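A, B, C and D are the chain letters, set down in written order, and residue numbers restart from 1 in every chain.
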């Protein structure tokens, strides 16, 4: 079973944006015998976890859960709200906005992609213009990835909401918060989001396996008219089941973990959680900016107002392979970095700094990056880890 | 958090047909930190688990896996193989054949249901007749639940295969093996099954969360022509992904558990696993037959050739509530029994005897049933547990 | 690593009197990273667990803990309270009273053994006589095993206390509550016990590894004069350490488990815990009494006032090997029964019914015994499990 | 249960020299149901673990194990080998040599302490002289702590052996390898050590709870004459028990963990394990040497030939409190550092770098130290983490 290659020792540093580090207390909560999902002991846990997710979403509205990854919840958001031939406006952000658009096309929707420079993000004036121009309200939904994991960019949901309102456009507002929920501030009700897509494996610090959609009242009304075929993800069917979610057997163990992860988030306090993410993200960016000297690697995102606080994508200097750097970090230092997705493969590596993370975990990972740059003879400025430490010691 | 009601002590006996008992070594394998699904250490585990599932399916063909419960894999089987308006023949067996049929209708398929007495199961001559009568081959697929969990009935797949062959019908043969795989003998290739649906949470002794479909070459050819919309479950998209399965983030932890559960099955040996299920099932039936005396509860399945060896459904005497009995077993003896599904609610209770089970686990559960019958003043014959012990001591 | 012999499947039934079943929530609490034993987070856990053990001992007095099994705490009780050449009176009960006496001799103490028929237990009139006869108070301590695990006999501590008081004897009262604490009622302060020896691995439902002594004020005064050499178990040294217990590194993980096990005991309520043990013990005895018919196995303890409610020892019919029976139960049914200790090896087997146990767990084990009797052709009366079920259904 | 103080998030960095980081696979191996220690399945695990410990000790000789911390094994080494009034020579190294000496005195032994400057360690010429001067061989044993955890100093066992041989002295050679075994090279047989004391909680990466002594043939012969009272730790009694070790119930779970930890050590290869410790220790020292500039903290050990590769003790500048620094690291960065022991309290802090450790784990901890120095306004040189990274990137 073992290979001739020396296995790295010690705990792996998981600086990958997904899945993320799972706290030990969550892993232990998951590690339990099966229970009937009708058992009153389970129902109590389920209800607590369910209510907790709504608090994290900052919503009073409806929640539907799936035994699926985030892509499944995307599918739920589209098939429950739309009908064949409907038009949607997808704000381009990177790999994941493309995936969502492709999924929409596969289900027979007409996708208008509002393009952008991936390093700067969409121009909100264009969003407003696209909606204002749509006098007949052909566009049924505006789809936005809150935090584009592939590029390390966050889109300002409040401003996008304002743009939709300014255009007085009736489109549904659909948001993917998979890599932001529980890490970045997200306010479903305040921002009048009609359908939000989230998953268990990022800021909720669980394994992959449960995803969900929060749905506004306006969303439910649209659902009543939506004609795309569906069953596994169908909200109407779910509403008739005892749990008001899930088609088929529930992943019961996940709810013990989910209850614990929400307890951890609320013990820390959501505002403190968000502040911690901002602090660790800024430390990461300071390190990268130091490395960027001497024609070194640099932040992929060049728009400071849209820096993501949960993941940083770093573009390698021309001619240097990001995956070779990642392999050095992994094989030699047991640090797992995220790779570039799609067209960015080999050009970009990513540091996930979300979820169950603290300063030395981040600095251990940054140290491994800095040593790997040196080992792989990648040109870079000195003092990345120093800059991060200096910032973190100030805080 | 605790209630005023006394919580039952000791380990819960989980005599519920799904999910099932998860062996400790599987739970421990699941209980591990996250890992990148591209990490070579993970790929090794993934490949081993993947190959193991194929051995359990007794197939050399294709396997696609989903982050979903069994209902998700059903959806995959339909949307990947069929086109809007296609006709399928569903062999009625109980609650789950109805669900599958309903799902097919939701996706725009035309369902012909071959009905039956739920206590005896479909007449194979009718199956053959239905196919022989379909000279134009309107029927694109024959859908069968191998083991109907709701009624405790097994359908003879080899004989159904023979009926299709006898009718020289080109329909695809779709089988749900969710509650039989890893418990009852199942031979995908020998029985020329074109698409088999399985899940993690029964005979594979894992939590709910991974389901899969094995697909024959003929199935893949049908897939190339199938036009139902799909993305999350789409095989063509999966084939392009590095893992050849899954859309979106993989549930990595599950594969560590899956590798371990397959190791356990193969350490015991699949024929021994099947024999153990038969032995424990027969002991259960002997107990029920003893209780059936004195107008007591009786086996729901009245067709001995179709007894299920993974779950037994037991019909209460008229006027006695199955759920009251289950509640006594749960609250007083910490034994979880399955309830009646759909129209059988309150009339039937079910004993799951599949997965990680041995004689004293079963006898402990049967004891709780026998004591609960007494406590609830349900008429019943004496000596159920005795009959089971007598049988098991012979073996 | 595996052998050619088929490994039994399913969960092992652990009907062994020590160690005992560990609840899953306790195992999960133990399963955690290391922590500095001076860390405030640990100190909080330590203090809670420490206080909890005192509540279970029903004492306001002093508690010293050891990283050792119960034998280590015995050694602590002797070396901290006595001086070379001191005389102690040991009430014979079986294997464990012999061990304790041997340990005393090894440490240079003079042991007077008050003998008895192991099946009936010591005569309290003899205890009183022995003390009344000791006008010079040569006897420094009276040593009693509360619950003799080897024979399934409980000694009445309140009556022994009364005998000491009646004799107006100043001897210290030392009690081993290893296999009774947390299972049978034990009242250190009410019964004026000067030193009680307990361990983690029985009624406290933990792994072996922590043992402890509760010590009265009179005990501490004796300690000040005690001259047996000691260091690892020395109370005076411990009192100077920050934790007031333990010499050397603390077994930190155990305290997380201990806190959880005490939470479980107190959630159920100690009186309920004791009543549960009595109920399950009586069911066991009813089964054995049924088997005793037809010259079958019988209760080793023939004194009903001294039946142990945590373990039952069962004597095989002449000419039948208890260990062969145990091996059948283990190899064929995955049930672990206790063997006979010392001179009782092969003649006696034991059923532990203490700790994390409920009705079906016990009945599963009793079923395995009954089937093994049949398989091994041991003469026995019918209906043991039936008798146990009948009793438990009444309760 | 929670306090008003913010709990640190993320995984704690445990840079404490004892206990140490426990690998997840070891924790999972420990997390299992009870088993009878006579069960053949357990015996197999026990035997494998037992043999593995002997390989790690590099011995063919006898091994006795205890359910106790390292202090218990010390007690075993003294009481099994010596008689009241015997003289032993203890080589001073720091806190732990003092403890061992104190224990010997408590057991009635006459201790000759060969003193030293704790920052430089004993002069081997004095060792040789002390033995040469003892023409009557009054000294029965020479006691040495291989690696003094309190001061971060390693003593050269091969040279001490040579000194004993050179003096032609018959004394037994007793060694404490608690904080070196599995981290530093240790060769019991080659160095002719008569009794070696080890524990589970350092290089063997287990919780505290099992300790042991390896004993040479010469040691066993001395044991036959040794008259100190003992029972719990008595080798003669142990040799009569089925397991040849342990008095009382075995801590069965520990053996599952021990087998796994030995598997991990041997998968990496002991020489690689030692080299990793040397590399990480040198990186630590480079960081400290950088901090030592500007009148900063410095290595406590000033004798480079005796640097410990498992723990580094660091002396604070005059007037700065080591414990305040540790509290900053703990409360703000969730990094646990070791404190000064005994007279070094407040003056010294310690970084444990042994066991399950890799580069980013160490660098995360060093980063926390460097930031804490800054936050607490402790004078120090710049570039500690940089120096460590530079060294580790070279390797």
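Just so it is clear, a contact is a pair of C-beta atoms (placed from the backbone, for glycine too) under 8 Å apart; a residue touches a chain by one contact, two chains touch by 3 or more.
The structure displayed is predicted, hence computed values, not measured ones.
Engineer: Same residues or different residues: which describes how chain A and chain B meet, taking over half shared numbers as same?
Structural biologist: same
Engineer: What's the chain with its C-alpha centre farthest out from chain C?
Structural biologist: A
Engineer: Between chain B and chain C, tell me the centre distance in angstrom, where each centre is the average of that chain's C-alpha atoms.
Structural biologist: Centre separation, chain B to chain C: 45 Å.
Engineer: Taking each chain's centre as its mean C-alpha position, how far apart are chain C and chain D in Å?
Structural biologist: 34
Engineer: Find the geometric centre of each of chain A and chain C from their Cα atoms only, then give the gap between the two centres in Å, rounded to an integer.
Structural biologist: Inter-chain centre distance comes to 54 Å.
Engineer: Give me the residues of chain B that touch two or more other chains.
Structural biologist: If we look for residues of chain B contacting two or more partner chains, we find 7, 11, 21, 24, 28, 31-33.
Engineer: Write out the stretch or stretches of chain C touching chain B in their complex.
Structural biologist: Its residues touching chain B are 2, 6-11, 13, 21, 23-24, 31, 267-268, 272, 276, 332-335, 356-361, 363-365, 367-368, 370-371, 374-375, 383, 385-386, 389-390, 392-393.
Engineer: State the interface residues of chain A toward chain C in the complex, per the touch definition above.
Structural biologist: 24, 28-29, 31-33
Engineer: Which of the residues in chain D end up touching chain C in this complex?
Structural biologist: My answer: residues 7, 11-12, 14, 16, 18-22, 27-28, 30-36, 38-39, 41, 44, 66-72, 74-75, 102-103, 106-108, 199, 201, 207-209, 228-232, 234, 246-254, 330, 336, 338-339.
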